[in-house]
Amino acid sequence: MSTYLIKDVELVNGEKVAIGIADGVIAEISSKPTGSYDKVLDGSGCVALPGLVDLHTHLREPGREDAETVLTGTRAAARGGYTAVFAMANTDPVADTAGVVEQVVRLGREAGWCEVFAVGAVTKDLAGESMAELGAMAHSAAQVRVFSDDGKCVSDSQMMRRALEYVRQFDGVVAQHAQDPKLTVNAQMNEGSVSARLGLRGWPAVAEEGIIARDVLLASHVKSRLHICHVSTAGSVDIIRWAKSRGIDVTAEVTPHHLLLSDELVESYDPKFKVNPPLRSNEDIAALRMGLADGTIDIVATDHAPHPAEDKECEWAGAANGMIGLETALSVVQKTMVDTGLLNWSQVAGRMSITPAIIGRAKGQGVALAVGAPANICIYDPNQSQVVVAAEQISKSKNTPFVGMDLPGQVRHVFFQGKPTMISTQMVAR
Amino acid sequence: MSPELVTELPRHLLSIADLNHDQALLILDTAEELAKISDAPIKKLPTLRGRTIVNLFYEDSTRTRISFEAAAKRLSADVINFSAKGSSVSKGESLKDTALTLQAMGADAVILRHPESGAANRLAGWTNGVVINAGDGTHEHPTQALLDAFTIRRHLGTVGGDLEGKHIAIVGDVLHSRVARSNVLLLTLLGAKVTLVAPPTLIPVGVESWPVQISYAIDQVLPEVDAVMMLRVQSERMQNSFFPSTREYSRLFGLNLDRMNLLKNEALILHPGPMNRGLEISAECADGVHSVILEQVANGVSVRMAVLYLLLGGNIGVGS
Amino acid sequence: MSTYLIKDVELVNGEKVAIGIADGVIAEISSKPTGSYDKVLDGSGCVALPGLVDLHTHLREPGREDAETVLTGTRAAARGGYTAVFAMANTDPVADTAGVVEQVVRLGREAGWCEVFAVGAVTKDLAGESMAELGAMAHSAAQVRVFSDDGKCVSDSQMMRRALEYVRQFDGVVAQHAQDPKLTVNAQMNEGSVSARLGLRGWPAVAEEGIIARDVLLASHVKSRLHICHVSTAGSVDIIRWAKSRGIDVTAEVTPHHLLLSDELVESYDPKFKVNPPLRSNEDIAALRMGLADGTIDIVATDHAPHPAEDKECEWAGAANGMIGLETALSVVQKTMVDTGLLNWSQVAGRMSITPAIIGRAKGQGVALAVGAPANICIYDPNQSQVVVAAEQISKSKNTPFVGMDLPGQVRHVFFQGKPTMISTQMVAR
Amino acid sequence: MSPELVTELPRHLLSIADLNHDQALLILDTAEELAKISDAPIKKLPTLRGRTIVNLFYEDSTRTRISFEAAAKRLSADVINFSAKGSSVSKGESLKDTALTLQAMGADAVILRHPESGAANRLAGWTNGVVINAGDGTHEHPTQALLDAFTIRRHLGTVGGDLEGKHIAIVGDVLHSRVARSNVLLLTLLGAKVTLVAPPTLIPVGVESWPVQISYAIDQVLPEVDAVMMLRVQSERMQNSFFPSTREYSRLFGLNLDRMNLLKNEALILHPGPMNRGLEISAECADGVHSVILEQVANGVSVRMAVLYLLLGGNIGVGS
C-alpha cells in the first residue's frame, strides 16, 4: 500500500497542516511532517474533512441496474467525497432478508470505492403489512442497524410501534419516510399557491408533519430510536425541535436539494424537479437551513435517486420521483450553509460525516481526523466553482436538478481506508 | 391590423398567464373580425392554406376537437386528428416520441388535449411547431376562457374594450377545473372582479394568491354578479368526500329556478359543457333567458380561428 | 310567567347582590333591588354562575332509551346546573341526517329542562368512510354547528381533512374523539405501569396524542376550526399548547373524571372506572389541571355516558366504556380546580358556560349575568358537601365513578330561560 | 402447624401480590408436608370432607383443571367441574349470575380459569365462598408461580427457606403471560433475582416498575442463571408483528442444544406447558438433564392441595 502526504491543507479548525497516510490510517497530522511518503499531494486552499457518510443512498442494485449499480453509485459517492453510503432497501428484490443485505455489502466491498452499509426493509416487500426478519438482518454479516421502507411510509401506526420496539434489541433505528398515504394519493407537488396555479395535485406538508409527530410520540412511548428521512417542511423542523426539547431520541436528515430548490421551479413542469417529498416553499427552505444550523436537523443525506432518462422525459405526472445528488452534495451544502455563514467546516464535518456515522452505527466511519484514525478523508477546495453539466455526472443516471447552476467548491482528493479514490479531481482506477 | 401587432403574441398558447392585457384584447378583437366570416356566404379564408394542424387528443372531447377543426378549416389549413390512447402514466408511446413524430411529419401546429397538467408545456419543449393547449389536466384551457370572455364582452362589454368593473361568479369544482384557472386569469386580466363559489373542499389550498374573492353562499353572490359561470361537477368527487352527496351539492351550490330569480335581469349564465343537468344546473337555467351556453359554443370557433390566425398566420393580414 | 328575586347571592367577582328575573331575562342585578317579584329565593352563601353548557353529553335517545332519554338526561343536566347540553351523535339511528338532529332538538324542547343542541355525525353511520350530509344538518332547523363521530375517531386523515374543510362553509367545528384505532385494538386501560401489572391491554397515550398532533396540523393547513374531545394525557396538553402558540384554531375539553381519577383505581377491576379515553396517571391529571388553569384546555365537558347496570356488572373487558357526570361536574371542578386555587369562579363560568357556548355557537347560552341577558342561571353553594350515592343520581343510569366520595358544593337554584328547573336543591316539576 | 398461621392467609388467592413473604413460605412449606401424602399408599386426607369445590373453567385447560381436581379430591372435597362457554364479552350468562348460582348451590370455593384479566377479582366480589384464581387472562396464575417456586426451591433452595440470591431468567412472551406476572412477584418476594428475556415487543410498557432486569440477549443471560423458565409463545403473535416469524423468534429467543450448553451444570429448565417444541424450546432441552418440567406438573398437585388446605381448611390441622 502506497503512503501519501497531503500538504498545505487546512483542518476544520483553520490550522494549516500536512496529513500523512500510511497502512490505512492517518500516520501524522503536523505542520512539519517528519515521515517519508511515497507520494505528495497538494492540499493548498483546501479543507480536510473526514470522509463523508451518506445515510440515504439509492444504489438500485439488485433490480434496477439500468439506473445505477453498486459499482457506479459508489464511484459517484467517492467523487462527491464520500467514504461510506447506506444503500436503501427499495431494490428488487427488496432488501428484506439477510441474503440481500449481505449481497449489497459484498458488492460494495468488491467495488472498493467506498464502504457500503445496507439498510434493511422494515416490512416484508415494503408492503407495510408484516415485519421483515429484522433480527436476521441485524445478526447477518451485513450487521444492519438502520431499517427503512424508504419510498414508502410505515403508515400503520401499530406496525411502526412494533418496529421501533423490536429494533431496540440490537440498537437499531427505524428511518421513516414520513408520508401519510391517505393525504397524498397521486400527489404531484407541494400543496400551496404553486400547485393551486399549476393544477397539480397537492402533497400537503401536513402529510409529512403528521407522521413525524406521531412517530416521535411513538418513539417516546416505547423509548426507541427514530430517524426521520428527508425532512422537507418548516412544520417538520418545528415538530422535531419540540420533540428534542422533550428529550425524545429522534434524529433527522435534510437533502441538499431541499436546502436549495423551491417548488417555484415546478412551473416549468420539468420532472427533473420532481422528487418525493416534493420541493417546498421558500419559507420551508429557510426553516430547513435554520434547523440544520441549530442542530434540530442532525445531518445532510442525499437521497441520491438515480433514474434513466426515459423516466423523466415525459409529462410531469408520469415521471419518476427522485434526483441524483452524491456528486453535488458538498457543493450545495457549501452554497446554502457555509457561504451563508450558517455553518463552519467543523459543523459540516459533523453533519455530513460524524453524525451520520453515529446514527447508522457505522464503525470506522465518521471519525474526526486524528493520528491513528482510519484514513477516510475528503480534501475539498471551497474556492473553485463549476457549472453542473448533466453529462459530466459519473452516476449512471444524469437526473440532477442542479444542471446549469454554478455551484461552489470541488472535491480534490479522497482517501478511503488509506487508498486514494480520487486524486487531483480525477478518479483513481480501482 | 398590422403585422407588428400579430407578432406580439407568444409563440405558443399554453396558459392565459402567457398573455398580457393587450394580447388578450387582440385575440378577442381578432375573433370579432373573424366572426364576420361565419356570417359570410363562403365561410373560408385562405390564410393558413398549406399549413398542417394536428389535433392531438389524449382525452375524448368531441366538442373541443370539432371546434378547433372547424376553426382551422375555415382558415384553409389541413387538419389531422390524432386520438391518442394512454400516456406515459399508462405506458403508451411517450408524448415526446409522439411530438417528434408529428414534427417529422411537418405539423405546423399541435393542438393538445391531455389528461395531465403541464403536458402542453412539455410538448412545447420538444417541438418546433406551435403548441396550443386545448386543456391539460386540471391546469388550463385557455381557448375556453377566451371564448367565455368573448361571450361575456359581447353581452356586457364594449367592442374593443375589456371587462372592467364587471363581476363574475365561477361556481363549482374550482379545484379540478382547468376552465376555472384560465378564466380567473383572463377575467381578472380584463379588469373583471371574480368571486369563486364552492364548498371549501373544492377550492385549492393556496387560493389566497389568486386575485379573487371566495364565497360559500351562492344566494348572497348571485344578486351581485353580471355573469355566473357554472362548472361541471363530477359525481365521483363524492367518493373522495369532497362533498357528501350530489343531493347536498345540488341543494347548496346548484343553480336552480329560485336562484336564477336572484340574478339581475341582464346577468348571464355560462357553462363550459357538457352539463350535468340537475346537478350543478337545472334545465330551466340552462335553457332560460339568462343562458348564453349555446352562444359560447358558437363563439368558440371564432375565438379559436383568432388564436390559430394570430399564432400561425405570420405576417398575413386578415382578408389578404 | 312568575318573577323571582334571588337574594344575597355573590357574583363571580365577589359582589353581593340580588338578581331579579322576569320575562325570561335578568331584570335587575343590584345590591338594593327595586322591582317587585312573585317569589324570593335565598342565595346566601352561593355564587351565581351563568347556566352551565355541556358540549359533550350522551342522551342515548333515539335507540338506547334503557340507558337514558332526552328527558331524563336533560333533567340530570338541570340538576347539575346546566341550561344547555350538546347531544352526541352516536345514537341509533346515528344523528347523521337532518331528521335525527331535528328530532333530538325537538325532544329537548318538549322536555323543557334545558336547551338541547344536536351534534351531527361527521361520517355516515359513524363508519368513517363517507361524509354525512353536514350541510343538510347545518341548514336544518337544528342549525348544527358541532360535528363529531364521538365514540369513534375520524381516523382516516383524508376524511378528517375534508370534514374540516367542509364545515368551514357554515362556521362549523369538527369535534374529534382522538383515538388511533390501530394502536388501541381491544385496548382496556391506560398503557403504563398499572396495565403492565394488571395484564390489561394498553391504550397508549400516543394513540390520543398522535391524532391530536395530526389534526391540529390538518386544521392549520386548511385553516379550519377543530375541537378536541376529552383530552386525557399530559402529552395532549403539550401538543395543544404548542398548536395554540402557533395560532392554530383549536379548542379542547377535559372531563371532570379525568381531572380527578387516576388509572390506579383500575386495580379494583371495577368497570365503573372504565371509560374511553381511559383514566390516566397522576402526572396526566396534574398536566390536565394545569392545562385547564392556563387556558390550553378551554372547557370542561362531561362526556356524560349513561349505561345500564348490566353493562358494568361483568368482567372488565366485557364492560361498556363510560361514566355519568352531569350531576357531579361542578362539584368535581370545585374540588380539583377551585379548592386547589387553580381557578376562581369567574374562570369556572368561562370554562363551563361561556366558552363552551362560543365553541358550539350556542346563541343565548353562556352569556355572562347582566341585566337583559337570558335568565340562564346556576346558583351554586360551594360550602356544602355531600357523599355521592349512586341511587340518588337522577340520571336513568347510575354509573358514576364518584360513588362514595365526599364532593364539595351543591347546586341550589337553576333557571332556564327565566323558569326555575331547580329551587332549593329540589327539581321543579315541568 | 398452628391455626394462627393458617388464618394469616388472605381470604382468596387472586394474585401473588396478596401474599407476603411469610405467607408464601407457608404455602410452600405446607405443600412439602402434603407432598408426603402423594407418596403414601392411601393418597387421601379427610380435611375437606363435605366441602364443595367448583372448577369453573371458561378456558379449556385440562392440565390445570385435573391438577386442582386431584388436589381437592386428595383432601376429600367434592368437586364439581363447570366448563363454561363464553363470557360477558361474548354474551353468555354473566359471570355474576354464574357466581350467584354457584353460591346458591353451596359451593365453598370456586377455582376460576377465565380468559379475561381480573375475572377472579370480580368473582370474589360477588360470592361468599373462597375464590382461587387458576389463571385470569394475561393477569396472573398464582398457583403456577407457587408450583414453580416449589420446584426451584426443591432443587436449589433449602427446605423452609426462600430463594435469596438465586437468579432466574424468564424467557418469552412476558407481555401476554399470566405465568410471568405471578412468577415475577413470587420469585422476587422470595429473594430471587429475576431477568426477563424477550424481544422488546413482548415486554410490557411500564415494566420499569417491576423489580427485574431486562435483557434481549439470551446467550449472555443463560450462563448466569440458576434456572430458566421458558414461556409458551403463541405463533399468532406473529400476525400482530410482535416478531417477524417463528423462525426468527426461535433463532433469537428459543432454547436449543447450543444454548442449553451455556447453562451451569445445576441450572434448571422450567416450562409451564403446554410446550411448542421447536419454537420456544427444543426437544433436547425439554427432555434433557436440566429439565424439571414433569416435576412441575407433579408438584402442582401438592401446591394446590396446600392452597386449598390453607384457604378452606379453617382450623383443621394437617392430618387431623
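We call the chains A, B, C and D, going by the order they appear; numbering starts again at 1 in every chain.
By definition in this document, a residue touches a chain if its C-beta (ideal position, glycine included) is under 8 Å from a C-beta of that chain, and two chains touch if they have at least 3 such contacts.
Remember, it's a predicted structure, so these values are computed and weren't measured experimentally.
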item	value
Relative to chain D, chain with the most remote C-alpha centre	B
Of A-B and A-D, whichever chain pair has more C-beta contact pairs	A-B
Intercentroid distance (Cα basis), chain D paired with chain B, Å	79
Between chain B and chain A, distance of the C-alpha-averaged centres to the nearest whole Å	45
Centroid distance [mean C-alpha coordinates] between chain D and chain A, Å	53
Multi-partner residues of chain C (each touching 2 or more other chains)	158-159, 191, 204, 221
Residues within chain D bordering two or more other chains	205
Contact graph of the chains (line, ring, star, complete, other)	other
Chain A to chain B touching residues, read off their complex	188, 191-202, 204, 268-270, 310, 313-319
Residue ranges of chain A in contact with chain D within the complex	124, 130-136, 139, 158-159, 162-163, 165-166, 168-170, 221-222, 224
Chain C residues touching chain A - in the complex, by the definition given at the top	156-159, 161, 180, 182-183, 185, 191, 204-207, 209-210, 213-214, 217-218, 220-221, 235, 238-239, 242, 246
In the complex, chain D residues that touch chain A	199-201, 205, 216-217, 238-245, 247-248, 251-252
Residues of chain D defined as touching chain C within the complex	17, 87-89, 94-96, 114, 116-119, 121-122, 125, 136-140, 178, 181, 204-210
